[in-house]
Amino acid sequence: MSAVLEVTDIKKNFGGISAVGGVSFDVREGEILGLIGPNGCGTTLFNCILGQLTPSGGEVKLDGKVVTGLRPAELNKLGVSRTFQLLQVFPKLSVRENLILAGQEHQGSMASRLVGRSDAGLTEAANQMIGFFKLDHLADEPAGGLSYGQQKLLDAAMAFMGGPRLVLLDEPAGGVNPSMLTDLKERLVAINREKNATFVVIEHNMEFVMSLCSRVMVMAEGKVLAMGRPDEVRKNPAVIEAYLGH
Amino acid sequence: MSNLFDLLVAGLATGAIYALVAVGFTLLWQTSQTINFAQGEFVMLPAFLMLAAMHAGAPFWLAIILGILLSMLLLGLAFKMLLVDPMLRHGVLPLAIATMALAIGLKEAVKQFFSAEASPFPSIVPTGDVSILGHAVSLQSIGVLVLAILAVFGLTALLNRTSLGHQMQAAAQNPTVARIIGVPVERMILLTFLINAFLVALASLLITPIYLAKFTSGEVLGQAAFIAAIVGGFNQVRGAIAGGLLIGVLDNLAAAYVSTQYRAAVPMIFLIAVILFRPQGLLGRAEERTV
Amino acid sequence: MSGFAKPLKIAFGLIVVAALIVVPMNFNRYGLFILSQWAVMAIAAMGLNLTLGYAGQVSLAQGAFVGIGAYAAAIMTTHGWPLPAAIVVAIGLSFAVGWVLGYPALRVQHHYLAFVTLAFSTLAFLVFRNESWLTGGIYGISNIPRPHIFGIATNKPLPFYYVCLGSLAIVSLAVWWLIRSPWGRAFMALRENPLRAQSLGVDTRRYTLMAFAIGSALGGVAGALYAPLTQYIDPVPFNLSLSLDLLMMVIVGGAGFFLGPFLGAMIAVLLPEWLRFTEGYYLMLYAIAVMGLLIWSPTGILGILDRYLAERRTKAASAQRAVAKSRLETAQ
Amino acid sequence: MSDPILSVHNLVGGYGKMTILNGTTFAVPQATITTIIGPNGAGKSTVFKAIFGLLKLREGKINFAGRDVTNLSQRALLNAGICYVPQGRNIFPELSVRHNIELGGVSAGKGIDLQSRIEAALDLFPALRRKSTQQASTLSGGEQKQLEIARSLLLEPKLVLIDEPSIGLSPLMVQQTFDILKSLRDRGVTILMIEQNARSALEISDIGIVLELGQTRMVDKAERILNNSRIGQLFLGGAMEDNAA
Amino acid sequence: QAIKLADVAELSGGGATVGTNWKNGIDLAIEEINAKGGVLGRKLEVTHADSQSNPGVARAQVQKALDAEPYVLLGPGYSGSVKVTAPLAAEAGIAQIMGGEAAELTQGGNKFLFRTSFGQQSSMPKVAKYIHDDMKAKSVAVVWVNNDFGRGGRDVVVKELDRLGSKVVADLSTEAGQADFAADVGKIKAANPDAVFVYLNEEESARILKELKRQGVTAPLMGETTLIGQKVIELAGDAANGARGHVGLTTDAPVDLIKAFRDKFAKKYNYVPDHNGLKGYLAVYMVKATTDKMGKVDSKAFADTLHGLTIKAADEPGILMDVTFSETGDIDRQSFLVEVVEGKQVVKQVLPKVK
């Protein structure tokens, strides 16, 4: 398996305090990589990889091309999408509009979107997504009025609208009902199999991570603590000590 | 050289005035996230209240007290209850627009009910100059500067060192949560506006002898104070001092060395530069957010 | 919206348009001037509504763009160019300047942006006033001709009113098209959550600049009509207070609502005129009216309507929920 | 278990014209941990808002410690001994971590030694102690949640309403938070919690409540809910446990 | 049936003080005239409209006023506003009596436009001449307010000084509403001129006078009405002492009728009017005198009658001083050279009518 994403020695300092201190790893094509670690361990790393923050050092390669410092929108155009840990929806737009928006920039050119269809041909796809996440009765509601878990689901749904190759999910399970979580997991696995999409999942819900991921990376204090198959990681004493507890 | 020194002194004197007006402006922002476009008019009005009291026969000292009390009633209590309360929840803009309308209303009211003419205003600081390093510096300017510095120190201490100050900030940054943990949000906001009203009344008392009492005198003052506040750092009360003095000096230097016709442009260009290269202002704190 | 509301809306719209065409025919010159002014200001406010209401970029410089458009038109038409050519130049010029002014918006937002644009507004005024070789300085430019459109002279107030109204119609259609296109949605994404928008591939840089440039260009169009409307311009009308007035129009009308600028401009242009009978008190009353309106509905006039519609929609959603609930109960 | 300290009766209310709570009724016995579970959008958080006076109820009564507290102000509720930790991000971003925590004690009475309580709270969360002078907005998501929990410990409430405390917390921190809740209960404080991390939450709870479409579906001993297979299927993600095992 | 006049003035915005004075002057005159039985037995009636000191609004308001077909149009006071509105009045064939002082206003051949005061083309040469001849200034600093009023005066005076051979060593523009004149005065000081010409609005004049005194500028100061008016003296205190000015029209003129006017005005409005108050007052009496002369109320013939007309104060006390109107609508009248001595205006010279 080739690497979709190669990260070399990424560093991030905030005014002298090191939040991420030289992290290297790669994400292989078609895998689901879990990323865990105690609070404040430095999963901010992903904001550096995705262009939300400028890394203080290091390099990021996507498909072998250097993409360090690219803006989030440019990365998204290259097929990388993400969700957020804190709620990030468009509060005054309806749920459906949120989803259409999430996909529209992947349809045609900027000029063609000016003259083309108002929904960029995405209503159908948005409705499917709405159906899957059981938000039908809220499709025309402003997204800001959704409950926490519903917004979290909408955020995840948006990440899939552009047909991405690589998706980074930041705590997708937080606040989501366990039965919905099972569906979400199945959905991820299905997309992973059918479209060969790659996922990186930051998550504190161990059941979710362990049953979903093929590899798990553990971070602590801005460094990689361990990396391996879920069962290996789970038994690693250092990980238990720093993160899992008993 | 001596000319330059004179310019600096003159600039600081004007700058102190801007600073004094700007203090209340940053205070409102920091403790209620309100932008008050009528701040200049807020400084203009108390002088007229005092003048009105004097016309009605009150001695100067009584007029001052009445003026301050009335200001706190009108510009503090009434302003907060009538305009701020209904609009605060709806973000900065509606309230900002409402204060623009308020500015028009205040100006017109003074013009209509008092006079369109400028009036002289007695000074509580003795007029006259003291000599500093051989240059004449007016006592009035020193009074203004001292008050501005006192206001800044006092407010900074209040906001950053006392629990009351923290509560005021909390009420501005996240009113819902503040309410949940028991901060009396309403009272904090009211307090903010009362302090501001008190400050503008004092400012009015000190500034009007220099600027003359006129219904339009808030326009220039308000705008200069905004710019001073932004340049100094909007989210820090002490930014007002730095910004005010800097803008005052810059304005004078521009008039002397650039061109009188483009004098007003220089602080503006400086403002743009500051915002672009140091958006939080010279003394401001960067607003940082995690993603 | 139900199937019934739409034709009703269209009919209402047609009546308003017809009224705007027919009723002013027997207005006096003053009435026509005020209505023309309303149309011109509505265009400028529509531009600002795009920048501010939809894309969420605060601008206190729209008045400066009206000035840029007005000077472009005044200079060109007094040198013998036809007005349409001047409008094209006005659009191009204000688009370009607006684009440049958009750059600060890439770095700062909200009140900071407001003050950058405020500074720009002051600078523009100084240039209008001080560069007399081009703008006539404080003396301004007089004898600005009104155009011949399709060979018809528009010197008289009524034909020129139709020029303004026609321009307003064209601009409205263009703006309506723009905001219902994916661009409009992208603009709203900038306003609602730029961070999320970026990570969804919305090129926030380009859309921000576009929002500024297009909004400013409409300011330019308004200016290019303002010059022949008053037939004399000097720097004073384009100072900061015009920008503030336009902002007021947008907010009072209802920022982010298509029809907001029409209502906002109506209030800003017509309300003072209606209040003039109170003589010295009219501006005070106007200020009180604006404050009262905002106290009543901080989201502007159309905010009231929107609240009403939203309530109707939630009613429908409640009903849906009730159905779901009864289904669940029967399942048990 | 003793008499209920909190009882809500037939709550009806919602947002705008939309009805979310359709007659929610339940009671919470004193000195217990009670956990509410239910699907997303069931109205769990809305119930909390209603109890804490943040939602205008159209019908219903809320009783606390033998007294009607329906629609009281937040301050009055705090004085009565109820404290509320909402869902989502609830910090004062531009104040320092320490000042954020301090503000938790605003409504505390005069005779309380706040400083020592702040120290005690910081001891529980070492990450916060390390960052106590930093602006709260620079904390990571999980640290912000810790901050909120720490802040809520400053008062000595009789009832804590806590909405999904586990979101964003690492497993270790979840454990620790639950331990804190347990020790509070052992000191006689009543805890009413909402959790989606339902298994772990029910494990430390005495009572479980299932809420659906704004109605109480089931109120029972926590372990009985845990072992109820239907509930397991519907709300606890029954399938997942099997996979992981 | 009443004779309808229409007034459009700067009642709000930057010119509010100007416009309010003008309006009050008009109201006072009309009240007087009506109390004495009106004009040709008919009462006068006026509508006031606010131009907001904005030419665009002025145009709209004048349009509105003209649509109502007034007998004569009064105002506006700002030259820019006059410029936009004059063509409308001319087109309607209605005489316009206005307060603008810019030189060019009456130079375009408009047959319906009349001044109430000297245009800058007539006042500024007198000023320049005085600076050159009487003050014997070889070098002059010119300070002006950068609006159409200030700029217009500055342009004429600089040209005239140049012609006479006095050198302009500092040419300083200032902003309306400016409060801080330290830098400007610093520049004046550095230029060390023989005289300073100050052409600002009243409040700014007061501020710069204080600053000139503070910085110890000793060169003699010369200005216009706006430098040595009673208001300025009130505001500037003893800093005004020694300032001189050419006064076309002042409430402080040593003329009994004017003193009486001033007292009446102050009694009615509680403040001392500036020259704009006088202008408004005179405008109405111009209407009265012209109409009396025609013997009928004829809007079309009004302008023709006023051209070339001389009105004597003896015949029409309301006109205060003898005055003659030229074919271009300009005014010719006595004027004064005044100096402030111990807080009082003292007339140094009386400059006779040109013709």
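Labels for the chains are A, B, C, D and E, by order of writing; each one numbers its residues from 1.
As a working rule, contacts are C-beta pairs under 8 Å (C-beta built on N, C-alpha and C of every residue); 3 or more make two chains touch, one makes a residue touch a chain.
The UniProt protein names, listed by chain, are B, C = Branched-chain amino acid ABC transporter permease.
Everything numeric here is computed off the predicted structure, so don't read it as measured data.
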Worksheet item: Count of steps on the shortest touching-chain route from subunit D to subunit E?
Response: 2
Item to complete: Enumerate, in label order, the chains that touch subunit C and subunit D alike.
Response: A, B
Worksheet item: Based on the averaged CA atom positions, which chain is farthest from subunit B?
Response: A
Fill in: Chain pair with the higher count of C-beta pairs in contact (B-E, B-D)
B-E
Worksheet item: When the centre of a chain is set as the mean of its C-alpha atoms, what distance in Å lies between subunit A and subunit D?
Response: 28
Response to the item:
Taking each chain's mean CA coordinate, subunit C and subunit E are separated, in whole Å, by 39
Worksheet item: Rounded to the nearest whole Å, what is the centre-to-centre distance of subunit A and subunit E, using the mean of the C-alpha atoms as each centre?
Response: 73
Worksheet item: Any idea how many Å lie between the Cα centroids of subunit A and subunit B?
Response: 47
Discussion item. Where in subunit D do residues touch two or more of the other chains?
Written reply: 15, 138-141
Practice prompt. Any chance you could list the residues of subunit A touching two or more other chains?
Written response: 14, 44, 52, 84-86, 138
Item to complete: Would you please write down the residue numbers of subunit E that are in contact with two or more other chains?
Response: 12, 14, 146
Discussion item. For the complex, give me every residue of subunit C touching subunit B.
Written reply: 58, 104, 107-108, 110-112, 115-116, 118-120, 122-123, 126, 129-130, 195, 240, 244, 247-248, 251-252, 255, 280-281, 283-284, 286-288, 290-291, 294-295, 298-300
Fill in: For the subunit E and subunit C complex, residues of the former touching the latter
11-12, 14, 48-50, 53-56, 59-60, 63-64, 66-67, 80, 83-84, 87, 102, 104, 146-148, 151-152
Worksheet item: Which residues, counting only subunit B, touch subunit C once they are in their complex?
Response: 29, 35, 37, 82-83, 86-87, 89-90, 92-95, 97-98, 100-102, 104-105, 108-109, 111-112, 223, 226-227, 230, 234, 261-262, 264-265, 268-269, 271-272, 275-276, 279, 291
Item to complete: Sort out for me which residues of subunit C touch subunit A in the complex.
Response: 178, 180-183, 185-186, 188-189, 192-193, 195-206, 313-314, 317, 320-321, 324
Fill in: subunit E-facing residues of subunit C, complex
28-30, 33-34, 37, 129, 137-140, 142, 226, 229-234, 236-237, 276, 279-280, 282-283
